[in-house]
Amino acid sequence: MIRVLVTGGTFDKTYDEIRGRLSFGDTHLPEMLRLGRSRVELTIETLMMIDSLDMTDADRASIVRRCAECPETRIVVTHGTDTMVETARALAAGVSGKSVVLTGAMIPYAFGSSDGMFNLGSALSFAQVLPHGIYVAMNGQCFRWDAVRKNRETGVFETLS
Amino acid sequence: MIRVLVTGGTFDKTYDEIRGRLSFGDTHLPEMLRLGRSRVELTIETLMMIDSLDMTDADRASIVRRCAECPETRIVVTHGTDTMVETARALAAGVSGKSVVLTGAMIPYAFGSSDGMFNLGSALSFAQVLPHGIYVAMNGQCFRWDAVRKNRETGVFETLS
Amino acid sequence: MIRVLVTGGTFDKTYDEIRGRLSFGDTHLPEMLRLGRSRVELTIETLMMIDSLDMTDADRASIVRRCAECPETRIVVTHGTDTMVETARALAAGVSGKSVVLTGAMIPYAFGSSDGMFNLGSALSFAQVLPHGIYVAMNGQCFRWDAVRKNRETGVFETLS
Amino acid sequence: MIRVLVTGGTFDKTYDEIRGRLSFGDTHLPEMLRLGRSRVELTIETLMMIDSLDMTDADRASIVRRCAECPETRIVVTHGTDTMVETARALAAGVSGKSVVLTGAMIPYAFGSSDGMFNLGSALSFAQVLPHGIYVAMNGQCFRWDAVRKNRETGVFETLS
């Protein structure tokens, strides 16, 4: 049984056709899981719906608290990519005895050509089998929280050497 | 390093607009990996491009042989869903010391609303971390080869009890 | 006010994921019009849901009858491309004082990469402004019923010289 | 023979995955026409690539000049929806003896669920048959330049009464 904690990020950006700009509405997670014919037993919980560049220490603390307190020991957190590694670090300091996998997308799911479906399938799979720890699952790869950084120029997550 | 063996199946069905019916062309795997921004190190090899209902014992033997002979110990096989479990059984009899994950799709990738991206992300992830053995990864879940069947009425893979 | 008569064709083909083949369900017209943000006043009526290669003389007669009898003088008929010109000929013989535009698609709408949205926008527009007569609207072009043929090899509609 | 003048607008907005925001790159027109299997004879010319809220009087004057000077008498202008009617008014004052149809989209084409394909098919069709004049083609409808306004709250173009 997995808990999926939604925090927003590119994953869930949508296009506001009246204002002509990107915005957040409800999470696309249930639709994505339906499309993926997912049969993974899980509970979705929306914690916030924000761009990760706008995430405060208080937001981060609430994600840590929720991961620590929820009954599940296997957790997927959807998150903006820009500060995903920072939140992973906070989780490593505050959560133990659980497998927490952060994931996100470079392209909004609503754009059709999304990497979100691929990353979601990947994150849910890693979360089912990895030993306890905090991980970042992006680009089909899985990194330990202390061995990854986002390359801001290429948009790619890479191993920290 | 993962080897991806392509055998066809719904994953790779495309629409022949001159004849107005489904057909097989080149595999969509490279395009799907690009779309998913995959950074997994892998080699793609097309073994055949057929509907799994048309798969013969000789076809199955060639998949087993290729899995046994290729240098990689982590392998993903894309396969039609109808006889995926049968091929898994053949692989269990003929391949040892490797992690082989079979996956597929219920909806062609070319149809847009595909579960293929989700399953591909899932299969590549399971293949990276599972111990040696033969597995079926569908619907975000992963089954041992001898503990799964496809429910033909619902199209869902379920645990064999 | 336009009447849209649905007869099936590639436009409305869908993928039957249990049987793994193309099939017909309900028409996608309402969804397509919603997606296109259409504000054209129209009534949709499904006459049949078949591949145009399977269309009989009786089917064709019922399309002619419906075009002649319905109150609207501006009509769009969605139709398989293979015998679209044959139905246009039947309409020319049996319907007068109305503008009837036949249209279709080479790729099912459900496949995402469809020419259906483009053709639907085109056909509805031609139907609003063309003088009485029977027309085929495909590939952004509009042909009189007696000046067009489908090139079976290229899938393109071309002017009959 | 139609000239298509590209000015940007939602039609051509794309998602900048490094910066995580909407931006303009090359026009999607050629790709859209290929997808629509368009066989309309036309020439595409990109005049600018901007949000129509940023369009200056000088920009507008250059659109008018290009419409007046180009050899074609049938023209489609792709344009942001917010000031489309304003540009139509400028065209009415500066262009005569030509059929000019402005069109756009409420959702970026790159978002998949676009009304752009529908509107493009519609605009190209109206442009082929309407008498000389300046028109706005949106939502499957065609309005004379002096009989239309965009309802900013609903995003719909409506007849000016």
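Residue numbering begins at 1 within each chain, and the chains themselves are lettered A, B, C and D in the order written.
Simple rule for what comes next: a residue touches a chain if its C-beta (ideal position, glycine included) is under 8 Å from a C-beta of that chain, and two chains touch if they have at least 3 such contacts.
Model, not experiment: these values are computed from the prediction.
Steps from subunit B to subunit D, minimised over paths through touching chains, total 2.
Of all chains, the one whose mean C-alpha position sits at the greatest distance from that of subunit C is A. Averaged C-alpha coordinates put the centre of subunit B at 38 Å from the centre of subunit C. Centres computed as Cα averages put subunit A at a distance of 26 Å from subunit B. Centre to centre, using the average C-alpha position, subunit A and subunit C are separated by 45 Å.
In subunit A, the residues that reach two or more other chains under the touch definition are 106, 112-113, 155. Chains touching one another, given as pairs, are A-B, A-D, B-C, C-D. In the complex of the two chains, the subunit B residues touching subunit C come out as 10, 15, 17-18, 20-22, 51, 53, 80, 82, 106-108, 110-113, 152-155. Residue ranges on subunit C touching subunit D, taken from their complex, read 32-33, 35-40, 106, 112-115, 117-126, 128-130, 137-142, 155-157.
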